[in-house]
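Look at the two complexes coming up: subunit A is in both, with subunit B in one and subunit C in the other.
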Partner chain A sequence: MSEEVLQQASPGLIPGSGTARAAKPTRLSPSFISWLQAGPMMLVFLAFFLIPLVFVVIVSFWDYNEYQLLPAFSGRGYTDTFEGCLAQLPDLCTIGKTYLKTLKLCFMVWAITLFIGFWVAYFLAFHVKSKTWQMGLSLLCTIPFWTSNVIRMIAWIPLLGRNGLVNSGLVKTGLINHPLEWLLFSEFSVVLALVHLFTFFMVVPIFNSMIRIDKSLIEAAYDAGATGFQTLVNVIIPLAKPGIVIGSIFVITIVMGDFITIGVMGGQQIAAAGKIIETRVNALQFPAAAANAVILLVITFLIITMMSRIVDIKKEL
Partner chain B sequence: MKEGRPRSFYVLAIFFAAYVLFLYGPMIAIYVLSFQGPQGGLTFPMNGVSTFWIAKLFQGTGIVDLGAAFRRSLLLGIIVMIVTVVLSVAAGMAFRRKFKAQSILFYSAIASLIVPSIITSLGISLEFRIIDDLIKAHWNENFETSMGLLTSGLGAHLTWTLPFGLLIMFAIFNRFDPRLEEAARDLGATPWQTFRHVVLPIILPSVIGIGLFGFTLSWDELARSSQAIGAVNTLPLDLQGLTTTVTNPDIYALGTVISAVSFTVITLALGTIHVLNKRQAAKGSDAGQGLV
Partner chain C sequence: MSKTTGTKGVSRRTLLKGTAGLAGLAAGSGAITGFPYVKSADAKVLRYLGTAVNEGDDISKQCLKDTGIKIEYITATTDDVTKRVMTQPNSFDVLDTEYFSLKKIVPSGNILALDARKIKEFDNITPVFTKGQTPGGKKIGGQGTAPWKVLYLEGKDSKKFATSATEFVTLIPTVYNADTLGIRPDLIKRPISSWSELLNPEFKGKASILNIPSIGIMDAAMVVEATGKYKYADKGNMTKEEIDLTMKVMTEAKKAGQFRAFWKDFNESVNLMASGETVIQSMWSPAVTKVRSMGIPCTFQPLKEGYRSWASGFCVSKGVSGPKLEWAYEFVNWFLSGYAGAYLNRQGYYSAVLSTAKAHMEPYEWAYWMEGKPAEKDIKAPDGSLLEKAGAVRDGGSYEDRMGGVACWNAVMDENDYMVRKWNEFIAA
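Right, the complex of A and B next:
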């Protein structure tokens, strides 16, 4: 304790304490400077992320009527959500079906983005040799991420619509007689759009892991007689695992909470975990919306915990 | 190793090219379609070529008050960009030494990135509603709302842009040579001089990258704005509103205009980064190149 005071009053006096950086005498103590530097960001997260999360949990236990919040303890947000779940057993109730559907969408999008993301990252990391090309091609993959998601969704309309390019092309070639209805505003278009939007979140972390793999390990595997496939399975995939896990966490959490892509590309007809929340908010049933948010948060948290068992995220950044 | 490129190179190169086509093809389709003739519809083939729909947007005869939404989004984007850059650089510097609450800030940022946007957005809207109720109950009965573009809206956007800013700062300082700062200090520079004349010029290209993320992510933000923006709409919210009702190419025209802003900002930022990198290569120090 006294050492700490001394250190603050006159840093550098105590041998072996503090880094070389802290050794220069300044009037402000290093820990105060750290607070000054990190404090503003911490405050933003506190005010606009942590406290709001607490409010979500609190309000999920409030009561409500048609037009306002009633700050009194009630489990109505939850009971309304799980209404009929016990009575309907063994059939699934609405919320059960919705979550099952969301998980199914999630799984499909995850599998496809993982496949595409892995090979795109693999190509960039191992086959593109020149740094300039690597940078240029990575940029090519990143630029769409900087443009609007809604625009990238509606961009599918002229291609997939009833009279869109795909349908008219297929009709012209005689493969089908009538335009396919399931191309747009369907589960298919939702998955397609989600893959289109979020493969980026898979490519970046996997590429990051792959670029750190020591190329001599691959040469060693080759010299030891491993086939390309054996090198892939026994060397590259294990070493790229952190990136794969981080990318998977991104994609899964995005799809679990998505309501915009599912809304726009599903023609507002497909139920999903995120959409329940939106619907409840639009009906001004905030406690019910908050209860659904808590359920979604818990499920998302469980998925992340399961996945981060596989890899220490902090170590990888 | 073998001479020439293996067969897998060509297979993957085709796969990569297909992916890029998949990324850009649909976007290019709507940019083209926004130049439909006045009689044109929502799909190909083009019915003449004109700037009719884009002009219509700017005349304000469209469905939404585009000009106002445009100015709001631009204002918010610029503020988000500045705040993101300043707070990220500052926090990134703090992370270079140990401080209390370091891991709290780190996990807050990561959580903010991966907690579904709708939950964050709902939480912010609840927070502001409760603040409003408190103000009405205790201070001012006629108070309307504290929610707005530059209060709850700004906060919502920052929960999305700051984690990216912080992660980019981590990446920068992972490959930053602290000996450069030590040298500056040995030459008598104050901490501020060291930052201003040594650290900042070196990290500047990446800092512009943070600004690029800050602006573009805010400019296109939708999920977090949805509940937290207050009474007014940003441009992406207006665009999303149009998706359910629209039958004309003006939605494509709006998309093209929004994208034009994005691409202008991207080009400016990448151009600046390129020039800065060139200058660093030409005039920069030879530190880290080894002894002559």
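Right, the complex of A and C next:
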């Protein structure tokens, strides 16, 4: 469609074109159009995110009993959550232990998905020449999403269990005498399952950043005598930073709030920030659940703020 | 139509078709008058909120056939059912829930007590619910939220449980069972007779308990009492100190690696047991049956300290009135009339009205499930699959032995809030 046709069809949609204005005076100002364009998303965001969030914060300061919310100001949701945190020093209280564990799992998953995701993206962006193959191979990365979350997790049990494939294989080859217990229902299995699930969220944004790197920059680095490693550190990584940060935000926010994967793969024996919220909701203690949700939100937000200090995503995009 | 005959001429055939169609249309739109108007299309529909225990397709189909009432199941977990009653009382008509949740549901005022006088079989309901004893006269343990403590309300709109029988019934009893530990006899290779075995170091890394605080704490209390560490005044209503003590014992065991995993849902418990990840764990009767139907030996082991029991029943949402309320009574009466009871009995649960269920079962089925006698013929599940071969005896024996051996009931404690916090601490330890 040519620009003229566009102008005739929707005058004013191209604010920069003087001819359109001369031909038909615009009634809508450019800034109003910008608002109009951003409006629907903003409304959705307002209705389904901001307003519910405000409610969560309000409810977190309510009181409750066995069967109802009591709309009177109370810090009970918070004080209960931090119960014993001072008294038990230097030992950690429940909430402290829970967050330490959640952060530890989160860090491990982040580091591993970043490492794997980076190299998968690197391979796709620089070693696979044809567009078709790039598309085909990135689609392969989505295979873990073809089945439901629960089935995917249950499938690990016959593989890693006491009588599972891995253990019986190792015992048969004589490498070990007794089955390895830590393969399943342990931090190992939680991290394995989470990495398996979420590496894809790292691959896509990093690949997207890498594919936009001007190939002549790499050639220039090579011509200037840089080694492969120097090119990687000084050219590719800095330019792929926005992708790395976006991928990291995806992975960290998902893992911080996860309780299903941690529950199933950890045999329900590993604490998670999300798990506390779930238990509270199930016991109909909504204000306490809301208070925990606010705490989780604040901590996750702090992590993301720290990360965006390192890279200014807005500028890089 | 072919081109040669042309499209303008209307043949006799198409004319007939057209008029027939018009007549049909007229009939459909109600344009033809003079016929008696039958309001058959106005289906009787009840929205039924509950856990999966009572919700069989066979039950709803049979109910539609017998009464013309169409049941629409809304299935949720025990916790989610309670949540829904609290937050969306208008989203269901009939509620099927457990007695222990009444301590939360009744004060909310979101349910309507049913009138005992309108329940045909009410006087035939097993004395387990009304008197706390078996039909044979055995006294049943009453620790926890035993059904007879919360069966009646003081008045129609009362939020207080009555101490003696009134006509206002909180939940019309439907189904109940006595739960215990499930074991893998082929892997344990010795008799198990006490709840304390759950914490026996012999089964280190091979034990499990369920991660639903209100039920898990009861199993934990059975274990603590069996080890002789403490004797509770009421396991179902612990003091803060008792909760601390119970959780301390369980936390020590957890830190020592006693538990392989905790389970939360029916299928998880089946998987753990069937794969041999665990050899002893808290379990539910149909889960044991499911493991067994996979060809894997699994016993629902009777223990000397007794069973932990649960029970559920029907009430209606406070929004239900008029003809809908009548249908609800019709449905509840139908449910107690035998077909559903026999269906539940054949799954290893117990029905509230024993006489009607018995009439709907074969004598050999009744002998196996209820009297603890060896099966004369192969025992089949309601769907026709083989459960037990002829000669088998039910774990725990007869109804009298199993229900008579109940020590406590699932409960909501006064210190529920504290207990939930301690449970979270236990998981985090």
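Everything that follows uses one rule, which is that the second predicted complex is superposed on the first by the 262 of 317 C-alpha atoms of A that agree within 3 Å, B and C clash if a C-alpha of one lies under 4 Å from a C-alpha of the other, contacts with A are read in each partner's own complex, and residues count from 1 in each chain.
By our rule, a residue touches a chain if its C-beta (ideal position, glycine included) is under 8 Å from a C-beta of that chain, and two chains touch if they have at least 3 such contacts.
On a predicted model such as this, the values are computed, not experimentally measured, just so you know.
In the superposed model, B is the one of subunit B and subunit C that contacts more residues of subunit A.
Looking at the shared chain after the overlay, A:Arg309 reaches neither subunit B nor subunit C. Legend: residue contacts after superposition of the two complexes on their common chain; A:Gln269 is shown touching subunit C, with no touch to subunit B. Using the contact criterion defined above for the overlaid structures, shared-chain residue A:Leu140 touches subunit B, although it does not reach subunit C. In the superposition on chain A, contact of A:Lys131 is made with neither subunit B nor subunit C.
In the superposition on chain A, A:Val281 makes contact with both subunit B and subunit C. With both structures placed on the common chain, the touch criterion links A:Lys215 to neither subunit B nor subunit C. When the two structures are aligned on the shared chain, A:Phe45 is found in touch with subunit B, with no touch to subunit C. When the shared chain is aligned, subunit B and subunit C each come close enough to touch A:Gly161.
In the superposed model, A:His178 lies in contact with neither subunit B nor subunit C.
In the superposition on chain A, the residues of subunit A touched by subunit B in one structure and by subunit C in the other are 154, 157-158, 161, 163-164, 264, 268, 281. For subunit B in complex with subunit A, the touching residues are 1, 5-6, 8-9, 12-13, 15-16, 19-20, 22-27, 29-30, 33, 41-44, 86-88, 90-91, 93-95, 97, 99-106, 108-112, 114-120, 122-127, 129-130, 133, 152, 155-156, 158-159, 162, 166-167, 170, 178, 181-182, 185, 191, 212-213, 216-217, 219-220, 222-223, 226-227, 236, 239-240, 243-244, 251-252, 255, 258-259, 262-263, 265-266, 270.
For subunit A in complex with subunit C, the residues that touch the partner chain are 66-68, 80, 83, 94, 97-98, 101, 154, 157-158, 161-164, 181, 184-185, 263-264, 267-271, 275-276, 279-285.
Those residues of subunit C that touch subunit A in the complex are listed here as 79-80, 82-83, 86, 103-105, 107-108, 205, 211, 213, 254, 259-264, 268, 271, 275-277, 412, 416-417, 420-421, 423-425, 427-429. The touching residues of subunit A, when paired with subunit B in their complex, are 19-22, 24, 26, 30-31, 33-38, 40-42, 44-56, 59, 69, 116, 119-120, 122-124, 127, 137, 139-141, 143-144, 146-159, 161, 163-165, 168, 196, 199, 219, 222, 228, 249-250, 253-254, 256-260, 264, 268, 274, 277-278, 281, 286, 289-290, 293, 296-297, 300, 304, 313-314, 317.
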